[in-house]
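In structure tokens below, several structures.
Same chain, two partners: chain A is paired with chain B first, then with chain C.
After this line comes the complex of A and B, so read on.
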């Protein structure tokens, strides 16, 4: 499938989103990726509104998914956010996969 | 022609005289990440604002206060000028979206300022009406300005404001539960715009702007109103566009030729961390003559890192313009000379923690203080906050400011105003604003060293400990009194000392309680608190009148005398505190 910028994109899996979010968080929060666990709330890692918006800026650029800022507080762990993103990506790319899962 | 006596007169003249000239460019990024803009001419701005003003006058808003909750730049400036043109007092505040505390804050501003009307947009109107109904203020008009058909200014009556009337109320001070509106007069606003102009050598050809929100003093007075005062062009971007991708701010500076503008220290830090090397090569920042660094403590390390990183894009280190100001003085209090590097002093970090300036001794952690320049258009004195005795050069005390731009006080708080805005030193020198900031003068240069007030700067926001402490009461029945305070390092580290009522808890339960504290603060304030100490009941100190002694708690924490039952601490703070404790022991 072609995106607006002409890149070929496939729907990333929840697993890919999880790995990607973990790597980005590790960079924003300046800590090793292996210390970030999928089920620990972002708040315990020191994620604030600036880090959340930074992450969303990267999600926009990487996956062309445009999210409301409140999403990070409604899905406050790596696992929850990855699950949400996988659903959104499936919806956005029109495959319907994962939507409503 | 006589100089304008009020900012309203000035704005009216500009909009009539400058006609087709571009007043503002509102820049955003499209879905492909490219910068796009929407421009408004002086004539168009004036006409729309007069039409809206005539509607406000029909609704009886003249002489009243009007809350402005606009996220869009064009709607904000139109609403702001419409209030002035209608003879009403604009009260800018952040639109109540997201966290509970942002809704609570707006509700408390509605009550404190007793506003008669709210100007917002169609997207927020129903939420705002709901909020007004919830707090029992159904008499307040809520208007979505982008949905109104504004066809005529024929009924508009020019207002009759005087120089000492209030131009706007600035609610950047005070906690969520007790917001304080700084009364900025026309005289004060005109004086400060003149000061900013002199300080930055701005001209009508300057391009002034940035991404700061307009309910913020620097966003409003520095970025939005300075171009109007000059008759130049302002270039503005929504804060969210910047925070999501800091590169866009720098691209805007490059593409639209911004010469004057800036942000808090955090903004430069974000650029250093998030802009990629390959993106820097495509930037031209050589026209950015005055890169303002203010509104938060200025860090020498950040400016150095930014200057080094963006030198290949033509950024010059001497463009950095560290300065000091606050809403209580309209905005600018002190600043340096453009094109000249700010002075710096390397001092002993631990001694500074004790409010003393000493050269950094060998083996002690140093901290570099950057000068906030010289007082501009005002008098600054350094005063002992307890005795009110004047201090001499090199001593640390409270920064007191007197001048035309200093506000008469907070809306409706006469008792506090007499103390905070009309203070007198023991040598009989009166009429000073007590800023609550600590600093020191050295050869005419002002160095800000810390603060007396409880405010904390976190993630680009001002946070009040009492708001955090109040929220924590809802976390668990096991939690008692708490005290929140900041420890300054390369940034503010928030520490929460929380009393736990249970005596025989298991470590696992302590961990879950401290996680509960962190999640509560994250949810309600969208900031991270990495440092939580759970302590026994009775640890948090109060005065005999029951006031929380946060300063005492902070000192006990720094000296390592708190003996927590459980503690989580970030590695940076652990290192910082270790240094202070070693210095105290030696």
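After this line comes the complex of A and C, so read on.
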């Protein structure tokens, strides 16, 4: 299914979220994506509190998911955040598909 | 019969008048709390005891305590306005006697239990002090190296580690400590503790030697070291792990109000330079007759008005737009010290060699020059404020800056009441930007209003507002295109330039807002076109955009105002307050 803007509105899987967050962090931190580990806290890569707050705006823009600004504080690793986003996406966008992928 | 709003305003005016009367004329050499005595105390590195006694008598601490707890704190804009009188005389006194306690207490007002709020209010109302140690919190990413820990133990915590460069740490009765309570890296591993020093085992707390400082020499900057120091569970303010969030929320209040207080120092710098320009003769004429000197004095006055417009909008936004204050507070804390520093530098040229003299009639000036960077850096330096603004710009560009309802007039009304202060409503990332939105369409609306109020200014004001509007559109396009890597501490210098331009635009919006929202039939200086045109022109020039010609006579009118307020004497800010000298 496609929205009027051409954006795909199927629910992304946890795997897709993980890849997207990793790519986004790699851009943020200016380091190769393969050096970012799924279980290492964002802060250990040098992402400070305030910059982490801006992730929620990126998520909002990319996935139209409206979350608390502190979402990346409360789910502070790639794996934790991807898991949470998949759950939220399934809840907000409908089907439940993708939540456990 | 007087309305509540009028009564409230009269109450504020009476408080300020009483403070002025108590502290007396700074220029009077016989005044025990005058400039001469304050300068001598600064040389000795102490707060002037006579001045502290007068502030005790005034009950300055009550200004920091919410009304419902027995104090006089209703409004953040009023707090800045009242404290200006203290900072106008001596920044060390403003910070060392009082503002430091407010920076600490605000965390308790924001997240404390009823018992903590009561205890803190009683401490302050009894003349006690609080000190606050944010540590590297404002800079965020150094948490990993933060050594100060509060380890959960039994029903409370055990503190160990060192905190450095804390104002009043030794003489304060209580400390607000940002402490690491979790091992994990990130923003949920710190908590705020409110510690009553009298309840600690004596050998578990020790002090580091006092730091010597360039400015605010009267302030006692020290350090503290805890060794396995037990504190009860009841010391916890807010949630375990909630420290960073609480700090960022509290900063929205303190970053808004401290620059507003510090404007008082700018008043003294300008007043000192005006006094010099009137008294001193050079080349057989008064210094004031030199055109460059006149332009410098008018420029500094205009910068003070610009600063106050932005401070007004930011402090009132805490009450009116709590969802948007995060970025305003950072912008005011970033821009005001910068404007004041540059204005002070320009004024120093007027003073010439007298700038270097530490005593005498003009000695207050060099003290202000030394104090300004200290109070500007304080708990939230420029870098920390830029780091708050930059990551928010792309989202604001997407969500705002292209229309919307604009800002409510209440944001700019200097003497109007405000809804109650509710720190819990402040959010960590701005969800809109009514202040910048008010520039959309401003070119036309400002021109229209000027046609009614002052037709000779209609073209100039319309063009200036149009330039600000056009700059916002350019900024929006650039922020929409900002790469993710440019939003972090590793951001390119270009991002910092965007933050700078954004802050200047907010200041421009605030100046136009103040002029627009004070109605012509109310009369008064703020409804005149000259100051707002001069203010907008200074901002448009800083933004590097084309400037229209201003109508003849604008500079003379502002210089008359500067001299009038010198002789009044009345304050160099939006309030035009009668002062003791």
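In this section, the second predicted complex is superposed on the first by the 86 of 101 C-alpha atoms of A that agree within 3 Å, B and C clash if a C-alpha of one lies under 4 Å from a C-alpha of the other, contacts with A are read in each partner's own complex, and residues count from 1 in each chain.
As a working rule, a contact is a pair of C-beta atoms (placed from the backbone, for glycine too) under 8 Å apart; a residue touches a chain by one contact, two chains touch by 3 or more.
Here the structure is a predicted model, which is why all the values come from computation and not from measurement.
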Touched partner set for A:53, first chain B, second chain C, both or neither: both
Touched partner set for A:24, first chain B, second chain C, both or neither: second
Partner chain(s) touched by A:44 [first = chain B, second = chain C, both, neither]: both
Which superposed partner A:66 touches (first chain B, second chain C, both, neither): first
Contact residues common to both interfaces of chain A (with chain B and with chain C): 28, 41-44, 46-54, 56-57, 60-61, 69-70, 73, 76
Parts of chain B lying in touch with chain A, wherever the complex brings them together: 31-33, 98-99, 240, 243-245, 266, 270, 273-274, 458-461, 515, 518-519, 521-523, 526-530, 568, 570
Residues on chain A engaged by chain C in the complex (per definition of touch): 24, 27-30, 41-44, 46-54, 56-58, 60-61, 69-70, 73-74, 76
Complex contact set, residues of chain C against chain A: 139-141, 143-144, 184-188, 244-245, 248, 387-388, 391-392, 394-395, 398, 427-429, 483-485, 487-490
Parts of chain A lying in touch with chain B, wherever the complex brings them together: 4-5, 28, 41-54, 56-57, 60-61, 64, 66, 69-70, 73, 76
